[in-house]
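Next come the structures, one after another.
You will see two complexes here that share chain A, one where it goes with chain B and one where it goes with chain C.
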Partner chain A sequence: MTTQAIDGTGHDAVSAVVSPERRRLGSLLIRSATLLLALITIGQTLYAYGITSIGFANWMPILVAYVLWSAALCVGLILRDGEAGWRALFVLPAILFTVALVIFPTFFGLFIAFSDWNLQSAGGRSFNGLDNFYQLIADEYFWNALLNMVFYVATVLVQYAIAFGLALLLNADIKAQKFFRVAFLLPFMLSPVAVSWMIGKSMLEFRFGPVTNLLRFFGWENPSLLTTPWLAKSTIALMDAWVWIPFMMILILAGLQALSKEVQEAAKVDGATGWQGFWEITFPLMLPVSVTTVVLRIIFQLKLADIVINTTAGGPGGATDTISSYIFRVYKDRSNVGYGTMIAEVYLILIIIFVALLLKFTSKYMQRDA
Partner chain B sequence: MPHALKRSLIYGALIIWTVIALFPIFWTFSTTFKVAKDVQLGHIIPWVDFKPAWLGLRAIGLSPDTIFTESTPRAEFVKRFWNSIQASFGASFLALIVGSMAAYGLSRFQYRWKIWKNNDISFFFLSQLILPPVVLAMPFLVLYKELALLDSMLGLILIYALSVLPIVIWIMKDQFDTIPQELEQAAMVDGCSVWGAFLLIILPIALPGMVAAFILSVILCWNEYFFAALLTSTNAKTLPVMVASQTGSQGISWWSMAALSSAAILPLIIIGVFLERYIVKGLTTGSVK
Partner chain C sequence: MKLELYNMLSRRTVLKGAAAASALAATGTIGMPPVRTAFAASDLRAAILQVPGVGKGEPTDAEWQKVGEMCLGPTKENVKEGEFKGVELSFMGLNNQNVHNVLFRGLSKAWADYTGATINWIDLAQADYNARLQQSIATGTVDFDVIEMGAPFEGDVCGKGLASVMPDWVAKQIDMDDYVGYLKAPVGTWDGKTYRISCDGDCHNFNYRSDVFADAGLAGEWKAAGGAGEWGPPKTWQQVNAYTKFLKGKQLDGQDLYGYLDPCKGWGGFGFYFLGSRATAYAKHPDDKAFLFDPDTMKPRVNNPAWVRAIQDVLDSLPSEPADQLNADPGTTGFQQFLAGTGTMLSWWGDIGSNVNTSDSSVIQGKTAFDILPGSDDVYNSKTGAWDKLASGPNYAPNMAYIGWGIYVMARVDADPVKQKAAWSLAAHLGGKDISLWMAAYPSGFQPYRQSHFDVKEWVGAGYDETFIASYLKSEADSYNHPNAAIEPRIPGIFQYYSEAEDILANIYAGKMKAQEGADAIAAAWEKRTDQLGRETQIKLYKASLGL
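For the complex of A and B:
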């Protein structure tokens, strides 16, 4: 890692004067800290591979060394660059934190993805090249889960339509607006695990669940909501909608409230019916907010896991699987981190491409680039 | 359409959705007070359909007759509840501190590191939102094992802070952007340093945004299940994981499941009712201008 300074040239252009000695001291501190971190890491790596006999019992000291190195880097920059160093200190902790916890593990994941690695067995890791990838290509469950993701992402549009309707209701001239707003928001705040159990497993229970009882009352003799594949998938989608509609509703409501009163009046009068006024005035004006909301929501939807894991565990026969829940199952059943990581990394590449395309096609409709 | 009809349609729709939104919550709380028979018969309304019993609360040692006695289930429940509080508050504090600093820097200064400029750094942080937890899950499992952080509170706090950091930066940058720069400039003319101006002048003004970011982070961390299920076991297990692992050999004891679920959702319902304004503020940051 390079230790070049992040130059902060601020709005008021403070030209800090730093004495040469202080500058040298700063550079020295950064260099020696980097050297020390590198030495400790190399030493521990050699020890871990059994080449040397001196080392730590685990890698915790390396983490501590990284934290110390980060601190030394911050102090060194302040010594070396003065005012610019003080400014760099604002963003550096967040960058160092994210690099350590995201960038490093993601690349480390690539290393795991090409291994046969069962955490439970004593054998440890063995490199198996592209085997995991070939297994993935032939894995029907993976493709099935990917197709399910397409379905789940598509349901976002339905959620959006309902959320828009609710936002319009809340934006109407109603009494007790605050009560309805809080009531509508609550599902979003509930723990997905509690939702899975108390709705998915209790309210939808085949024998006594109130929802199944209600469906029977309406003449549906055999409401096997979670055992018929397509029904199970739709049921999960409904539960997911129940949780997430409030999120979209709040964003759309804020958009509606930001529209000027004249516009809203114009949508009402002008001889236009409510329906016409909505399509000709409100909806086009709301397009930027709508697109932003839907894109954000799709990005969150790609992570869908908790409800599926807890309600159906992907069943019946993988019908409700998302990629995340499938990987969770692969790990829980077989403790094989190698294959699970391969799925995860392939999925990451797929969604980066997908989200990049999505942003490319939608960014011109958004008010701000996400 | 006549006005009265239109209004009754609006209120009708509002009430229907209120029932949809609130009934599951009511169901969760009421099931806590049901005995096996009431659960199996699908009874709904307390005191009419069924007589409330203390079964659910007794199962976690919080019913009137068990609350003052020693109780292993209660000790377990309290431990998990406390773990959840530690994880969500710890992570939110960490993310708020680190994130506010970064957001302030990005809002006020022009950084340049090789080809990287402010927009690239902002995008770097925000792009973390796209990353699904599952991509990090396995590497973290392996790394945490090597780092002796598996099943530790610190490990959980670190990863939770990471997952809410982009949201905190997003909210706080928006917040700082609305504060005029003249404020710090005046302070610096008076001899304040950059950090002095930030800590003494700007942070107090940005407090509403910080509260919004903090509450949203706490909600997200409190409900988090995926990482907790993979990375914790006996020691650092949180409440959602405890809820999810309630299946016994004699099937599910719905009353104790409901009691635990109620405990998991009650704090957030309280937050939702009293701090709704901040949640809405946090959620709508940046999407509406």
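For the complex of A and C:
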């Protein structure tokens, strides 16, 4: 550190000692880098649209210019603002990183979403206004997938109930407690893709799958689990639950272990039954953890795709399709970048609205009363 | 050839191969002697088929290198030693099942050593191939000089001027006249220019259970049920459909019987080929090269009476097919059903036939035979809108699904004559006549595709069982050489059309739409797709791909 406090009143006083030359140098560095970035970006944009004849073969130099500008900004702030500049460095790289990898792609995604852009189109990309949005409004496959998502999200509540039960079990004084805790976590450690193949395509296989053979043993003549719409959807939900219940269970278990046992013991002394102890004491006290767990799980659930893609490809007749698996087909199989991005952006907005409402509705439950 | 076909070699054929190998060893050919490249053609072909020797395990890099060296003769006739010193080539291809590019590395080592060129390999998994290729094209970042590519992508690459035109000396070196009929122009060509060196051939053939059709009990039941004609392998789709309904509920050797197997689940667009195999006999008229679109307007024909009949056939057959058929993709029908003894009839690529005797899950060894796809008693004439009955009998139209892999050189090498020659020389080496026989006979991922590949004696001499290989090769050859073969439209975005259709077909098969209603929906989606891709361009490229 090259500056020091001279009046003991804080960092603003520290920055005052930065010499004017250094301030000018810092400002010059920032302005120069900004100008360079702006010039290169504008120049390349004009070239890309055929307005000028000088430009780069691709947009990589813009990325390099952004990195250089970011570095210049960091150095320039230190030179210009001294201690305050150093403080800015605690967050500035993260901000610049987020801008480059999250904020810019999101807004650039919007730009693409309003484009007619099929990678195999002879005409290349062209602005088409709201056409993709209108197409989405009339797209039965999108609405079908969205309706399926309502079902999948609703199953989170069932998963939560099971996870709570398992967490209570693992929180009790049972034998081999550590073993069961690890064993119950195993499904969560597996990739959903692996689960799709191991369970969806092997254990549930109609002819030789052990699960279907077991069902035959119990008298189900044709246990075809993935050809009837409601059954296929339920089977997918079951596989998904098998993977994710451990995640919810471990969060709830952590919450249970943080609860004071004195309250439960006091309730017992007062004559509360086991159910009363759970419903009147444990469950209310666990509400903040529960709501957090369910909200997190719903956010994950909204991205459900891998199990569906690998096991049913969205069928039969779209019965198991999800928004993400539909986007996957639009992008990968049809190279329809513009429309695929529109679906993704609209879905993102829907998720933001839904989660915001969810958080608002549940916020009062997420804080534990003192 | 497919890995499984290679692995099917019997102990007896191994011994025969060993005897032949011994004879060759006596001449100094086997056992890594100094390689002679001045073989008489037949000697060379016999010699390479003994590397490493049938039944002696899968070839390794050492064998690939050796075969590449033995087949260097044609290169030496056109290229001087060290002529490409300093030239660097990028080759993009697949790495599926450790063949394709992995194999090409070894096969081209001697070529690189002789010419002085360096090859950089870009390996892709099948699932990543289309996306990688399309992104390279769309973003103008083609970073490869040579590519292993399927003919359906020719519209994307050749149609956009991204490929290099084949020089005359290459055509001569690889003996293009030897290709089977359907791989000759217009396949591999655009606007009369040739771009492709074929290294594979693909078509759907018809696989059926010979034991079912030879069973006297079933024949009696068929007759008693008033079935038309004699009980035997079907020759038309009408027979296939009738047999499928008849076999529901029947048993053979205690096993439930089913007839034809339809894949109903999407398969990244590839599933549409299987509806195509049912439809071509109805939709591909001998007087009309087109069967999927109208070549003058790109108006889809997928909702015409021929295609709708094929869709309706599936709907009518599904109640007689296994209970899980709605969730069966082509991988399921081929490998989990047919090979495992479920189902009597199946359309597939050549892989099924080559798995019958080798796959661990196969229970139908010695019970399978092959033919070209069934025909139809009548064929739809798109020009007149009428169903025609041909004087020659049923209409046959084998489905040339995917048209196989080829090697293409990119136009970016054209600016440098030395690099261009190097790229074409490498492609010609890998697509050479003799080296292709070895690839057809050993695990490589490629099927036979040259007239010279169908000399049964050569295969038998290499150790293959004659009955099996003759039946298998005949079904392939008869499909390839059929005058009314339905050739895949080589237009940009063809898999987008197929993928779109798969989604709607899934709804039809699940009972959410009627056949005509669904076919109309597919046609509407395809019209939008054509508009997005550029109708005029598509028409032009479609016509070019049909040779119109």
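Note that the second predicted complex is superposed on the first by the 344 of 370 C-alpha atoms of A that agree within 3 Å, B and C clash if a C-alpha of one lies under 4 Å from a C-alpha of the other, contacts with A are read in each partner's own complex, and residues count from 1 in each chain.
The rule is short, and it goes like this: a residue touches a chain if its C-beta (ideal position, glycine included) is under 8 Å from a C-beta of that chain, and two chains touch if they have at least 3 such contacts.
Model, not experiment: these values are computed from the prediction.
> Counting only touches as set out at the top, which of chain B and chain C does A:43 meet: first, second, both, neither?
Neither partner.
> Once the structures are superposed on A, label A:186 by its partner contacts, choosing first (chain B), second (chain C), both or neither.
Only chain B; A:186 stays clear of chain C.
> Mind working out whether A:207 is in touch with chain B, chain C, both or neither, as first, second, both or neither?
both
> When the two structures are overlaid on chain A, which partner does A:255 contact: first (chain B), second (chain C), both, or neither?
first
> Which partner does A:88 reach: the first (chain B), the second (chain C), both, or neither?
After superposing on A, A:88 lies in contact with chain B but is clear of chain C.
> Quick check on the superposed pair: does A:119 touch chain B, chain C, both, or neither? Answer first, second, both or neither.
Touch partners of A:119: chain B and chain C.
> Once chain A of both complexes is superposed, is A:344 in touch with chain B (first), chain C (second), both, or neither?
So A:344 only meets chain B here.
> Touch test for A:195: chain B only (first), chain C only (second), both, or neither?
first
> Look at A:58 in the shared chain and tell me whether it touches chain B only, chain C only, both, or neither; answer first, second, both or neither.
A:58: touches chain B and chain C.
> Which chain, chain B or chain C, is in touch with more residues of chain A?
Greater contact footprint in residues on chain A: B.
> Same chain A residues contacting chain B and chain C, which ones?
58, 119, 207-208
> Note which residues of chain C are touching chain A in the complex, please.
Going through chain C, the ones touching chain A are 130-131, 134-135, 137-141, 156, 160, 264-269, 322-327, 329, 336-337, 340, 342, 492-493, 495-496, 499-500, 503, 506-507, 509-512, 529, 532-534, 537-538.
> Could you please specify the touching residues of chain A with respect to chain B in the complex?
For chain A paired with chain B, touching residues are 4-12, 58-60, 62-63, 83, 86-91, 93-95, 97-98, 101-102, 105-106, 108-109, 112, 117, 119, 165-166, 169-170, 172, 174, 178, 180-187, 189-199, 201-203, 207-210, 213, 242, 246-247, 250-251, 254-255, 258, 274, 289, 292-293, 296, 299, 302-303, 305-306, 309-310, 323-324, 327-328, 331, 337, 340-341, 344-345, 347-348, 351-352, 355, 367-368, 370.
> If you look only at chain B, which of its residues touch chain A in the complex?
Spelled out, the residues of chain B in touch with chain A are 1, 10-11, 13-14, 17-18, 20-25, 27-28, 31, 39-42, 44, 98-99, 101-102, 104-106, 108-114, 121, 124-126, 128-143, 145-149, 158-159, 161-162, 165, 169, 181, 185, 188, 193-195, 198, 219, 222-223, 225-226, 229-230, 239-241, 243-244, 246, 252, 254, 257-258, 260-261, 264-265, 268-269, 271-273, 276, 279-280, 283-284, 286-289.
> Touching chain C in the complex: which residues of chain A?
The contact residues of chain A facing chain C are 57-58, 116, 118-124, 141, 205-208, 222, 224, 226-227, 229, 232, 312-319, 329, 332-336.
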